[in-house]
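Going by the order they are written in, the chains are A, B, C, D and E; count residues from 1 in each one.
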Amino acid sequence: MTEVVLFVIFAAVALTGAVVMVTAKNPVYSAMGLLTTMFTMALFYILLDAHFLAVVQILVYAGAVMTLFLFVIMMIGVDKKEDTAETIPFQRGLTVVVGAGLAAVVIMAGRQAWVTGSTAFGAPDLNGTIETVSDALFGTWTVAFLSTVFLLTIAAVGTVALAMFGTPQLRDTKSEEAP
Amino acid sequence: MEDFIVAAVKTVIAFALLFTVVLLLVWIERRIVAFMQNRLGPTRAGPLGILQTLADGMKLLFKESMTPDRVEVWLYLAAPIMALVPAVLIFLVVPIGAPITIGGTEYTLQVTDLNVGVLYVLAMSSMAVYAIALAGWSSGSKYPLLGSVRSAAQMISYEAAMGLALVPVIMFNGTTSLAGIVEAQGATYFGFLPAWNIVLLPSFVVFVIAMFAETNRAPFDLVEAEQEIVGGFHTEYSGFRFALFFLAEYINLFNMSALTVVFFLGGWQGPVFGPTVLQWILPVIYFFAKTFAIVFLFIWVRGTLPRMRYDQLMGFGWKRLIPVSLAWIILAMIAVGIRRFGLPWA
Amino acid sequence: MSWFADLLGPWRGFTVTWRQMFKPKLTTRYPKEKRVKPQRFHGRHTLNRYPDGMEKCIGCELCASVCPARCIYVRGADNPPDDPVSPGERFGFVYEINMLRCIFCGMCVEACPTEAITMTHLFEMSVSDRQEGIFTKDVLLVEPDGTPNHPLPDTPLIDIKELRLGDGWLRATAPSGRAEFEGVEAWSPSARMGGLAPAEPAQKDRNATDETGQPEEGTDD
Amino acid sequence: MIDYLWLLIALPLLGALTLIVLGKRIGEPASGWLASTLVAIPFIMAVILAVPFAGGAETEHVYVFSWIPVIGANASLLWDPLSALMALIVTGVGGLIHIYSIGYMHGDDRYPRFFGYMNLFIGSMLTLVLADNFALMFVGWELVGLSSYLLISFWFSKPSAAAAGKKAFIVNRIGDWGFLVALMMIFAAFGTLDFAIVFARAGGVLSVGMATAITLMLFVGATGKSAQLPLYVWLPDAMEGPTPVSALIHAATMVTAGVYMIARTAALFELAPVSLAVVATVGALTALFAATLAVGQRDIKKVLAYSTISQLGYMIMAVGLTALTAGIFHLMTHAFFKALLFLAAGSVIHAMSSEQDMWKMGGLRKYMPTTFVTMVIAWLAISGVFPLSGFWSKDEILGAAFAKGGWFIGLWAIGVITALITAFYMTRLIILTFFGEKRWDPDAHPHESPSTMTIPLMVLAFFAAVIGLWNTPVRLGLEHFLEPAFENVTQVHALGNLTVTALALISLAVVTVGILLAYHRYGRGELPAEDGGYWAAALDGYGVDDLYGKVIVAPGKAAATWLAMIFDVRVVDGIVNGLAVVTKAFGSSLRVLQTGWVRSYGAGIVAGSLGVILWLLLRGGAF
Amino acid sequence: MTVTIGWYMSLAAVLFAIGAAGVLTRRNALVMFMSVELMLNSVNLTFIAAAKELGLVEGQVAALFVMVVAAAEVTIGLAILVAVFRRRASANVDELSELKG
């Protein structure tokens, strides 16, 4: 019963955060909404015995990704309010259709046996401690793990490159105006 | 149910302890810095001025908390709380003494022992950025914004170095639980040298330096460099909201000192003797003695070093600390590997 | 070994702060201990009286016109013939200094032709209201006994004795005095260290010797 | 220590990598010594590891790492007497040649690079001989081809050297094609390329026809690598490379790879008598053919090159007669005396400032005593004079041919004639070079070579003289040594002592005749003018190159021209352009969808994935 | 009443839908990015719930990889965004339609 109560509370918070994220006019509030959702995700992970993942979730998403978002929001300014009038033809209709389709899919999937059939988590105990996860990570999935290393390195190099060589135009106009 | 009561009692004690310690800490800092500058510092409130912080707190509590015009109200109000909460949460996993046994039940002197304690600590300390960033942004004023942008960049940079500095510790002790790390440091070398993690000297140095930056203390206190950006992120805060920031800063200072002790200086380890009660108390005393030694280091550095320039700060973080940490991780990895699996040709 | 010294160089600063901790402290524990202030300390103003109790101010407004902060407001008025406030034709009817604006430069003291306005060693002037920052003549004018006036004379912060020692009264002669002050050494002024010669005779005695009623210039020389 | 067998291959390869990458930094003498050390260490290891075989140690299979397990090809090494012997020859002779090269290559611009290639060759050759399966052997096979190409065209600024390198490579490719086809057939027949399994099951699995096909294809590979008829043409041209290269690769080691390969796969050849006959015949014909060519050469190295082809013919003949020990024995003795000959020739060339024409030499014995003495030993050895090594090994082959009887007696006769010609042209070479008058340019100042060059000469001379005593008919040391490697193969052996003695006397007599004929023709003052007729044809290699040019190269070029100018332009480009036109038309009609708005793309993505999920759901069942 | 995997799956689906709606309706590139993050997070939730249900650690490993990829994607994406912003002073994706066919 406790679990149900916790789930409902967390789910409510997560959904609120998500809705705030999508609807907020100001991107900072969007970021805060997403942050809330991510925290509740971490709580869900704890409920699902994935302790390591929970901490990593906070560390990576809340600690790094959202900080970066905030930083960029502050850097490029958020003064301009978004114009809500739709300019793309068919976009609104398409969104409605897609939304309806998504709802249909969710309902249909929700009626599948693997969703409704199971009564509780009765499967073998799985504790997502660092040891368990790293055993899998450095045992079976070593190559994938190393690929992520490359991915991150490439991302870092790419970011630096974008930051360094991103503004040729501005420099040119200035040097032309100078004399 | 009993667990719940124990946890609640522990939490209450932890909070009380934390706030008491912070009150003391502010006083200690003011006194020591004063001494270093040939002054006396606060002497009026209470014996030797020990209640000065309390008095200041009362004053701030009763002052009017002004809300300037152009602030984003919700975030402006939330920021001080967001500063305080992670600071307090970190302390929950710090073991302040050896486990004590009363009536057959063992009680650990820490609110909770997470098996991912180190990561938890890192995660929580990275949360501190939000308070500062949001406070600065929501103030709607340029100095706070500058201060908060500086702080966001600074904290992200030094967090990386800090996390890397802890990797050798984890490898060396083979656990990420703080209690486990302290336990692992209970051994001795040659029978008398305590096996503290301070043997991982580069890690220790990097951690301490990153710690200064994470807590926004001198010489990395660019976030609130008065000469350039007035008060930094808390320029527009007054009254009790300002007090919360202040409190969070000092709680962080204490937490970081405590964590240094836990990670590198053996936690509550030390020679224990005498009757049972003394055996309970001595570790706590050791822990606080070591922690306050680190606190003294903080204050000493603040009293001695001038503030760094911003580019120096970032350059130092990215071009010195992180490469050094990475190189040291590799060395430590080899050392740990040899210790665990023997020499490669043996 | 020089390389070793170079290595230690950056850390030498720590020894400096360490040593400083054990040196004697410079703090004066005011208000328990009070420093002797310099003789020419620019403290709060007073409006002085002649030894016979007459006000020195003649309402000439020179101080107001010279004030760089524009904080002095003076209005002169004719002396009532029957009860003259000051020895001359006019006296300072209104005299106010806005202490919140005053910069304590001392120009008013220099400008005053009669040395009516001088500066004391008094510096504890905190007020709880901006209105109180405007010191009126009531506050500025010394007591008949020569004690500077003070809004809160009973607080432990105020050291009247010191004020007496340190006030900026200048010796001057009064063209006329009041009868009740005759022959009384009203206070111990301190314009000159080590006391002052006894007060001059009262006006009526002066009148006996000098009918003109003008101060004798150069008699002190 | 056997577990570290892979170091034998790894060390030279490491040296190659180091020298090719960092050579310039390492500098001139140091890189030579480094390379020599990295060959000497494997040699010492090989010696230590090979000694147990004398006491009848077991064959070792050393597994290094998993490579392509599906086809039975792992990086695993085979250490049996045969591969041990080959490894010893490669590293021993190779090491000496490395040391020799330190002096010989002195002053070359790309000195470190040369040693890098040499090390690469040693590593590749060891891969070839130590391989435990056909795939790894093929890797080594190709790698020696590569390093041979690199070394032949080492002085690539000389157009002839560059052309020679290409020629060697291309001709070798033909042989490699045969080898590769053989490999595929073996895999098709056995499902694995592992030596042990293939040889063990060969008798049961292969039909005679299949065995013949496989072995003939293998033999095509061997003719390419071992310069047999008709693919011998690259070897004379390969003399454009530096002389140590000729000594190491084109005399002592690489060209013997074909012999080694046939010996190794003898179990397959045994099943195909036709192939064996072909092999033996081709070998004998090559021996004779090349010997006749060698007589007519004026270039000292060309003589030795044709001589090499001729001697290789002997070896191939031997393995074709299933006289494997004899073939390997001759391979070994040949490695010593031919390497010695080349090195000594190199020493002469070095002394004569790169003059290679024998007609411009003469009387050098006073100026280069060490070179002279060592070369005389080599001359006697290759000619087959009694107790030197060549005598024993050659006679064993001839004895085997005689023993086999039947029409193989004809092969024996060819061998004997070849021996006569060999004695003749080698004597001619010695006389023209070292005896008689000085015919060289007065500016040349012949001098003895430095000790890094002469010491290897002396060591090789010692072995060229005595190594034959290892396997005399009286005391068959090598035969016993190699026995475990050939235990599954029935070998031909020489007949009884009387016959052997008779045959030996015959060949000795023939050799004496050859030497005397040469002395008669060249050793008495005036040299005969050798031009026109046979001599011109011999200098031209009987015009075989021209023939190949007309018969094979020219039609090939014509076909290529047609393909490039007509087929490619009209047909291939036509298809490609047509596709482009279609794509363009299709694309411009789809352009409308490309709105440039991220969000409409996003909608498309979501709608598409929804469709997929819907389809999966409607299809029923779990995903 | 107990919490089954279906609950988590449903929650994840709803979160995913909200994220998708964000991508389709918002035109501030930053918010679109956040919506994508939300979608990734909801998928992570399904992974971990499935890991619990099946007792397989691979679900958690997959979630970990998703996080890594998300981190890489965010750094590059935001860098591009900043570069675009420097040139155009706008974070509105509707104005970035040069690639129109």
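Note that contacts are C-beta pairs under 8 Å (C-beta built on N, C-alpha and C of every residue); 3 or more make two chains touch, one makes a residue touch a chain.
Please read all numbers here as calculations on a predicted model, not as lab measurements.
The set of chains in contact with subunit D as well as subunit E comprises A.
Taking each chain's centre as the mean of its CA atoms, C is the chain most distant from subunit D. The greatest centre-to-centre distance from subunit A, using averaged C-alpha positions, is reached by C. The chain pair with more C-beta contacts between its two chains, of A-E and A-D, is A-E.
The distance from the centre of subunit A to the centre of subunit C, each centre being the mean of the chain's C-alpha atoms, comes to 73 Å. One simple way to say how far apart two chains are is to compare their mean CA positions; for subunit C and subunit D this gives 117 Å.
Distance between subunit B and subunit E, defined via averaged C-alpha coordinates, is recorded as 33 Å.
Of all residues in subunit E, those that touch two or more other chains are 20, 24-25, 27, 94. Under the contact definition stated at the top, the residues of subunit A that touch 2 or more other chains are 52, 56, 64, 68, 75, 88, 91, 94-95, 98, 102, 109, 114. Multi-chain contact residues, meaning those touching two or more other chains, do not occur anywhere in subunit C.
According to the touch criterion at the top of this document, the contacting chain pairs are A-B, A-D, A-E, B-C, D-E. Interface residues of subunit A facing subunit E in the complex, by the touch rule stated above, are 1, 3-4, 7, 11, 14-15, 18-19, 21-22, 24, 27, 30-31, 34, 37-38, 41, 44-45, 47-50, 52-53, 56-57, 60-61, 64-65, 68-69, 72-73, 75-76, 80, 82-83, 87-88, 91, 94-95, 98-99, 102-103, 106, 109-110, 114-116, 118-121, 123-126, 128, 132-133, 135-137, 140-141, 144, 148, 151-152, 154-156, 158-159, 162-163, 166-167, 169-170.
Those residues of subunit B that touch subunit C in the shared complex are 32, 34-40, 43, 300, 303-305.
Every residue of subunit C that touches subunit B in the complex is listed here, in rising order: 13-14, 16-18, 20-21, 23-27, 29. The touching residues of subunit D, when paired with subunit E in their complex, are 590-599, 602-603, 606. Only residues 595, 597, 599-600, 603, 606-607, 610, 613-614, 617, 622 of subunit D touch subunit A when the two sit together in their complex.
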